[in-house]
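What follows is a group of structures, each given as structure tokens.
Two complexes follow with chain A in common, the first pairing it with chain B and the second with chain C.
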Partner chain A sequence: MNKRIKKLTGERTAGYLFVSPYFIHLLVFTAFPLLFSFVLIFHKWNIISAMEWAGLANFIQLARDRLFFRSIGNTLIFLLIHIPLQIVIALLLAEFLNQKIRFRGFFRASYFMPVVVSGVVVTILWQQLYGQDTGVINSLLARLGMVKLPWLTSIRLAMPSIAIMATWKNVGLYIVLFLVGLQSVPKTLYEAAEVEGASHWQQFRHITLPMINPTMIMVVILSTIGGFSLFIEPYVMTGGGPVNSTLSAMLYVYKQAFSFYHMGYAATLGFFYALVVFSVVLIQKKVVESEVPY
Partner chain B sequence: MRRTLFYIILIIWTVIFIYPFLWMLSATLRPEAEIGGFGIVPSRITLDSYVHVFQKIPILRAFLNSLFVASSVTAGVLVVGSMIGYALARLQFRGRSLVFTILLFTMTLPFQIILIPQYILMVKFHWTESYLALIIPYFVNAFSIILFRQHFLTIPQDLVDAARVDGCSEFYILFRIFWPLSVPTLITVAIITFMTSWNEVLWPLIVIHERNLMTMPQLVAIFVVGGQAESLMGVKLAAAMLLALPVIIAYSVFQRYFIESMATSGLKE
Partner chain C sequence: MHLTRPDKKSDIMYLLRSGTLHAVLLFVTLFFSCSDVGETGGERITLTYWSAANQYEIDLAAAIVDEWNGRHPEIEVKHQPIPEGSSSEEIVLASVVGKTTPDVFSNMWPGDIELYAQADALVPLDHFVDYDSFAASRYSPGILQESLANDGRCYHILWKTNPIMMAYNKKWLSRAGFDHPPETYEEFLNMGETITADTDGDGYTDRWMGITQILVTWWQRFFDYYTLYIAASGGKTLVENGVIDFDNNTSVAVFRFLQTVFSRGYFPRERMDARSDAFLHSIVATRFVGPWEVVHAEKFKPEGFEYDFAPVPRPEGCSGPVYTYGDYKSIVLFKNSRHPEEAWRFAKHLVSRANDLKLLEMTNQLPLRKGLTQDTLFIPYFERNPMMERFARQAQYCRGTDYSPVLKEIFDAISQEFEASVIYGLKPPEEAVRRAAERARLISDQL
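The block that comes next holds the complex of A and B.
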């Protein structure tokens, strides 16, 4: 009995000791910033002079801030192109890689390559690929007898261009995830469908699609979070231009905080972007989960 | 016939993903005037672009900074993350399930909300212009804690009981018995953590402004944006190439581990 108590108290002490770094981290780097953000959003502060009570001024400013709504609109344009493109390409290539083919490892590794490389590298590289006159893509288009496109200089095209680049960078990860999803579908389901005389499309629609729905939800949610975290791509490539057409949420927060030193307003922006991400993801979860019946 | 079509499509996509890197390599080795078009065969090879990069920015220093920061974060996450994961999986103490619930909750918290307050915290700690800001906040990572916890749950209780009877401390059990049985999980956590830290660029841009302390992606980004590259394409690409090279080399050797580890990181939802 005595021994058991000793063992348990020893275990309990070790337990508290082992999770203590988590507690400290939680208090210092999560709980405190979270509480402090509620202070900041009611203040104006340039970080040097004293904090100034602002009441609801930050919220009023935000409600009238064209750039805030512009950045959300830009992010939605990004997501509207990025997510479908990503799902179609990833699903297609995963389906092909799931066939009985040779060199599967090689193909998978080459599709995954841009995933491991820094976003800074990819952005600098694509800035040159998208070049107006001598860029790789426009040279190729010209050679094929097509029109050269103003990829990064047109207000209409700049954000879609960034979305295409982001797809190129990330899709390898989703190919692998879909491949894992496809391989988890029991072969017997397809065999049974084959016996019933189901077409390839019917098999895909009624077996594959419902079975990989969890992967689909994940791709949509991770891409959405990625879209609202977009920063380095517009920062390096366009600086948010032309005419704010690529101004992303995080680039706007960064500019307000570190170009203008509006800490209170930057925190307010961050707060509302977080709310938007949270709600969008919640809605997506509901929609995607309810869809695709067997 | 069908098979051939598959291969053709797969090869086209390989070209789409790999060709830009080959083009980049070739562009960095060409005279500036010859960069452009989609060809990759240079008429003459020159290292001018690379020389320019080394002359203008402390890129080697930035490489060492990044190596130090990413290694420290990785070591910290392996030790601290496995301790917390071990406590959550194998130690009985009051409040354990509450800690786990909080952990899951904080994972859903969008980082946008705490970014600015965290920066202000760094200012108050006098951690800006210091590696501390790049390392300490990253020591606790919810995702790696969960990975450790899940794996530790699969290790038989008999091993723990036997070790305790022999008088082993919980530290000994974790680091000497559990760690050797968790090598794949350790590798997964190490790769994800190292890569995330290595590629992080927004946070360094916020907390570091001293050129000699900058991480490699940060320095390269600032070099390209700040006009120091003098709009020379070859020079910008050479800086990008130097940034990509260590990762590409590591990736070509440990390709399987990279893919499998990073695929688990996608499974966190």
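The block that comes next holds the complex of A and C.
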């Protein structure tokens, strides 16, 4: 009996020891910062001076901060362009790469390549491509007799340009996810549909799409969360300009915290923004789930 | 012998007692092992000194520190370039928060002095008995005044300056029929009309009069709006007697001038900082730069490229010397230092005449020292480097930034309006300047 208790106690201790690195990491890098930033939202603090109690002042400032709401609007515009573009391109390319084509492995690796390249490197590269007078894209357009476009210096074009670049950077990841989804669809379904005389489009619409719905939900949610954290691209390429048209919410929070040292206010913005993201993802999940029942 | 199992309560008490004893022992051991010999034995003191992290300044700091250590065996200075980070400002902030500051730091942006002074992180230098004589021997009266924080105390040695001037392509200017660099806005615009061109005939401009950074980042405005404002106003800064005072005709004139420059296409509305150097490769004819341009141009200019420097342009009708932004850097002592007296001695050594000459020779940066161009020690250097002499002469007419803990936000407000009005022409200059000033006042009032 004693031996059994000892063994159990030993196993329990070993278990605790195994989980302790993760638990300590969670405490130090997630739980503590979360708790600390919750405390911060009621304080004014510039990092180096003592914290001052601010009550609800940060919330009042937030309610009046037009630029913050504009930055959320900008992020939503980015999402509206980026998510559909990413899903359509990723799905088409996944469908293409799911066929028996030559050099399939090479194509799959090529599409995934931008995902593993540093975001800053990709951004600097695209900044050169987008140059108005000296960029490669405009040089090509000019050679084709088309007008050079102010990709990053037009208030209307700057955010779509960033969305195109972000799509190029991330599409490889979603191609892989869709490929996994496509390969899990039983071939017998397509065979049966062919026997029934269904066209390719009908097979895609009535078999592929419903069958990959769980993947679709995952892709939509992942790309939404990824899109809400839009930061590197505007930070490096445009600094939030022209005229705040690419100022994303994350960039605004960053500026408040690390350019102006308004830690309390930045924490308040962060909490509010997290609520926005959570609400959007929740609504999105409901909509996507109800759209295509599976 | 009868062994009894101790109860739970005494177990806890034992653990507490033993834990406390161990903690005390650990503390005592750590305390004594961390104390340097200088304090306990009176033999040797160690100071930590952070320099800027560019190779020129690392070499300079190493040379100065080697010399110091050779002469002062009782005070050892350990030199370390400021740790890597996206900017030295962020690293300094992190070290102040973490209380890991060095004793001496030599690349402080004076705009941050007020923030750290208010947070009680800096040693006031006027607390040292010989500060007044030191300051009188080094600074001109104007610079002495500029070195004082809002509380009237001095927390830094204004060490070096990079006066902003206009670099220009000599060949282009003469080819365009101009015998001198533009001195007024009108001359600059006239030259822009001639020089800006589509040279390959594809319908798009590929040669510009000048360039400035179009990013809205707050400090970018030091090198266009702020420099031109100081020049146009005869040396005024943004704050006068503690009051925001830049919503005036001078600011409007600067905004209007630069707005015209952009709207006529004399400056490109794009970034060229990640491609080959636009000035040295004759894509732009002018740019506003500091003396760092001399070393850079000499190293990278193509064969036959001729350039020179002139004061920045200002509105018609201005007279007197042309002032500019000085882009100062300071030396500070942090309060964490356990040896402030010795740190002060080392800081004075850093800015001795001999080391100021080293600063010039090794980094091509100008020491902020009065009578620099007349001092016999420095004259041979300027004879060998006539371009640097232009900057040294300009250094007599420089201004830094105001002392305010919210200076970055004030410049951010200006930069936002600058972008909308000057670069994109969405607002008249009057409205942009007024809004920037209103925002700046709001920010200042919240202090």
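By definition in this document, the second predicted complex is superposed on the first by the 289 of 294 C-alpha atoms of A that agree within 3 Å, B and C clash if a C-alpha of one lies under 4 Å from a C-alpha of the other, contacts with A are read in each partner's own complex, and residues count from 1 in each chain.
As a working rule, a residue touches a chain if its C-beta (ideal position, glycine included) is under 8 Å from a C-beta of that chain, and two chains touch if they have at least 3 such contacts.
Small disclaimer: the values here were computed from a predicted structure and weren't measured.
**Q** Which partner does A:P160 contact after superposing on A: first (chain B), second (chain C), both, neither?
**A** Neither partner.
**Q** Between chain B (first) and chain C (second), which, if any, makes contact with A:A14: first, second, both or neither?
**A** It touches chain B, and chain C stays clear.
**Q** For A:I221, select first, second, both or neither according to whether it touches chain B, chain C, the two together, or no partner.
**A** first
**Q** Under the stated touch criterion, which partner chain does A:V180 make contact with: chain B (first), chain C (second), both, or neither?
**A** first
**Q** Does the superposition put A:P234 against chain B (first), chain C (second), both, or neither?
**A** A:P234 sits against neither chain B nor chain C.
**Q** Touching A:Q99, do we find chain B (first), chain C (second), both, or neither?
**A** A:Q99 contacts chain B only, not chain C.
**Q** Determine, for the superposed model, which of the two partners chain B and chain C contacts more residues of chain A.
**A** Touching more residues of chain A than the other partner does is B.
**Q** Pick one for A:F260: touches chain B only (first), chain C only (second), both, or neither.
**A** In the superposition, A:F260 touches chain C alone.
**Q** Jot down the residues of chain A that show up as touching in both complexes, chain B in one and chain C in the other.
**A** The answer is residues 47, 124, 127-128, 131, 133-135, 239, 258 of chain A.
**Q** Residues of chain C touching chain A in their complex?
**A** Chain C residues touching chain A: 90, 93, 96-97, 115-116, 118-119, 121, 202-206, 214-218, 268-272, 274-275, 405-406, 408-409, 412, 416, 419-420, 423-424, 426.
**Q** Chain C touches which residues of chain A in the complex?
**A** Per the stated touch rule, the residues are 46-49, 124, 127-128, 131-135, 142, 148, 150, 152-153, 155, 238-244, 255, 258-261.
**Q** Which residues of chain B touch chain A once you look at their complex with the stated criterion?
**A** Within the complex, chain B touches chain A at residues 3, 6-7, 9-10, 13-14, 16-18, 20-21, 23-24, 27, 35-38, 80, 83-84, 86-88, 91-94, 96, 99, 102-103, 106, 108-121, 123, 137, 139-140, 145, 164, 169-170, 174, 195, 198-199, 201-202, 205-206, 217, 220-221, 224-225, 233, 236-237, 239-241, 243-244, 247-248, 251, 255-256, 258-259, 262-263, 266-267, 269.
**Q** Over in the complex, which chain A residues touch chain B? Could you list them?
**A** 7-8, 10-12, 14-16, 18-19, 21-22, 25-26, 28-30, 32-34, 36-37, 40, 47, 93, 96-97, 99, 101, 105-121, 124-129, 131, 133-136, 139-140, 143, 168, 172-174, 176-177, 180, 217-218, 221-222, 225, 228-229, 231-232, 235-236, 239, 249-250, 253-254, 257-258, 263, 266-267, 270-271, 273-274, 277-278
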